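One chain, chain A, appears in both complexes that follow, with chain B as partner in the first and chain C in the second.
Our next item is the complex of A and B:
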């Protein structure tokens, strides 16, 4: 078993698990992540025949099914593709794969159940530590690092005030992320900073944003719209009060939620908020001189082109 | 019990006109405690007067979080509120009161939301299966 409290070093080639959101509402995140990888000389190998991770709902109905859905992807990466790092840019996918890893490592009943499921489906059994699951933020932070980012900047993000919104599933619950909270160089679950570090290295001014992991209503965003709109509105207003022009995101669900409820708050509550939403991969891509179209900025609901022109980034 | 709308007004006032309070930080800490007291009272629990890590807010949160995994989210919110108010005590920067008020408002929206929709927060970061 690998040391679960430290990330592996060689991240130049990783198994890429986009998840279903990146093929739909989060397509711009998919596009910008792939484009960024190409620019940075990193190789993403998409997992063959990947399946849904179980998203937010399956685990509450049947956690074993959710775990199996997640480990099937990890097993393909390891046993079929020979890769031992899986990179998931979506917080939901990342969270579910980490949770499955945690359960496989710590629960005998989970191991037994997953072994039976693997036998039934003919899939190689997944064992604890077969792969390491990382987020896109881990990947850029460790494979490239701040110094190299600064060296590659063609258009500094200077003048852009950014509030970083990490959402909830990137850090909670803490026990499924053993590599976090390990001191210098590791990510913090209470005050995450990897996105701050990367965007600051590209020249951005990072504002002190107190709601960076606050709940946005999550899975209730469609069923109980009003609650989600109020939670998101408070996040948007807090970012505005911090002086942010932009809210940077690293999850397709967070990103869509912020975008949709910003529009909804304006339409139903008549409250307009100014910050625009951009994926951190889009912001880094702009700093590296990649065109907005190649980064899928036109696919965002949030209209950021005016601001980007004003700041000389396009 | 203090109604959520009264607490909301206090938070809004602390944010917009902090000079109307002799100690706006204290008002916001009290607002946080009142929010959690409402949750506990609604669940037939006597709100504790104990402190945890020096703060009653954290003791109240812990009391409410028993058997309630969806309280992970407001644990972070409670700690952030304390952090912002601690910063204010050090530098007396009014912007810290604005930030603390936004955090207190988030706590209110989340708890009030949970009292209206019991499952709020249970399908995302607080997967029950990860902790059972």
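Our next item is the complex of A and C:
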């Protein structure tokens, strides 16, 4: 087992696990992540024949099925592709892979179940520490870093006021993220800051946003619409009160939840909110001079082109 | 005596009298408010074991009632009746009838994991909420919740193909739960979405609904998932039925 609190150093080539959302509603996140990789000279190798991680749903049918779905992907990265870092841009995927790693490391019964399933399906058994799963934020933060970002900026994000929204799955529960809360340089589970660091390095003004890790109701975005709209409104209105023009996101479910329920709040409650949603990869891409079209900015439901034009970013 | 903290007592357990005359003495008003006394005798001693058999409920026995879960809870902030600590307490005491008073809101847990994050005893209260809603449905106390419909639709697609296609999930979910797809806010959203999408992408998304995204060679995985589910379901059934007959 490797030291679980230390990120692996070589992140130039990583296994890429886009997940189902990035092939659907989160396609703009997928596109901007790949563009960013190309621009920064980082290599993303998509996991061969990957499967869904089970999102927020399959664990409610059975937690070990969810673990099976995760380790199947991790095992392919390790044994078929020879890669030991898996990068997942979606909070849900990231969370599930981390959770599976935690259970494989700490739970005998899960280990046993997964071993049997691996035998039956003819896959190599996944062992604790075979791969390290990282989020897209870890990837840019550690592979490039703030200093290099500042050096590469073509169009500073100066003048853009950004509230960074991290959601639930990136930091909770803390015990599945052993590398977080490790002091200097590590991510914090109570006040995450990686996205703040990266966007600030690209020139943006980061507002002090108290609802960074509030819940957007993503798990019930369609099954309990009114609750989700309420939760999203809390986030949008708090960002607006902080003076933010933009809410930067790092998860396709959070992003589309905010977009959808912003529209729904306006349609059903007649409450209009100003902030627009952009993926952090789109914002960094803009700063590096990549065109909005290549970053999929037109594909967002939230219409941000007006604001970006006004700020001289396009 | 006026009752202090009256709000903590369920209204149906309070006896109030606007006009009450005892031996020609008028004792109307809050002086004559009583708390209905009651003795609980209908315990379900197996309740904890039953809930623990559902996915997510395994660690309910660890709870020491600190209340951190409720204190941090997203849904509790919207609805004070949503109280994970209290429900865990009732389950551990076997107070099924008491629990059933809140049966219609338990499924509303949004899985934000705030409770599991702060729980000092690793109870995983988020999982307990899911286990509780499953238990309610399995015992016939509540109809299938919207959330359960969604989970089942999702699971079914993963089981069949290894991947999901969001559009299909949304359509099937609305179908299952009998909701119209033509809601004004949905229409407006889809319009906003389509406006910005390049034709190529639209075509690709359209094709995805015809040719479902699939993981290759998935059949062995499917069989093995089904086998595990079957095993766990029959174990669960045994517990529920064993308890019924005893």
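Please note the rule applied: the second predicted complex is superposed on the first by the 314 of 314 C-alpha atoms of A that agree within 3 Å, B and C clash if a C-alpha of one lies under 4 Å from a C-alpha of the other, contacts with A are read in each partner's own complex, and residues count from 1 in each chain.
By definition in this document, contacts are C-beta pairs under 8 Å (C-beta built on N, C-alpha and C of every residue); 3 or more make two chains touch, one makes a residue touch a chain.
Computed from a predicted structure; not experimentally measured.
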Clash or fit: how do chain B and chain C relate after the overlay on chain A?
clash
Greater chain A contact set [chain C / chain B]:
C
Let me test your reading of the model: by the given contact rule, A:208 touches which partner, first (chain B), second (chain C), both or neither?
first
Contact-wise, after the overlay, does A:312 reach chain B, chain C, both or neither (first, second, both, neither)?
neither
For A:224, select first, second, both or neither according to whether it touches chain B, chain C, the two together, or no partner.
both
Figure out whether A:289 sits in contact with chain B (first) or chain C (second), or with both, or with neither.
neither
In the overlay, answer first, second, both or neither for which of chain B and chain C A:159 touches.
neither
Give one of first, second, both or neither to describe whether A:151 is in contact with chain B, with chain C, with both, or with none.
neither
Where does A:122 make contact in the superposed view: on chain B (first), on chain C (second), on both, or on neither?
second
Who does A:99 touch here: chain B (first), chain C (second), both, or neither?
first
Is A:51 touching anything from chain B or chain C once the two structures are fitted on A? First, second, both or neither.
second
Shared contact residues on chain A, chain B side and chain C side combined as an intersection?
56-57, 59-60, 63, 168-169, 171-173, 175, 214-215, 217-220, 224, 227, 230-231
Within the complex, which stretch of chain B touches chain A?
69, 72-74, 76-77, 79-80, 83-84, 98-100, 102-103, 105-106, 109-110, 113, 116-117, 119-131
Which of the residues in chain A come into contact with chain C in the complex?
20-21, 23-25, 27, 49-52, 54-65, 68-69, 72, 113, 117, 120-122, 168-169, 171-175, 189, 214-215, 217-220, 222-224, 227-228, 230-231, 259-260, 263-264, 266-268, 293, 298-301, 303
For the complex, which residues does chain C have touching chain A?
55-56, 74-75, 78, 108, 110-114, 116-117, 122, 124, 127, 130, 134, 145-152, 154-155, 158, 162-167, 170, 173-174, 177, 184-185, 188-189, 192-193, 196-198, 201, 205, 208, 213, 215-218, 220-221, 223-225, 227-229, 232
Can you tell me which positions in chain A touch chain B when the two form their complex?
56-57, 59-60, 63, 66, 92, 95, 99, 102-103, 168-169, 171-173, 175-176, 190, 208, 210-211, 213-215, 217-220, 224, 227, 230-231, 234-235, 237-238, 241-242
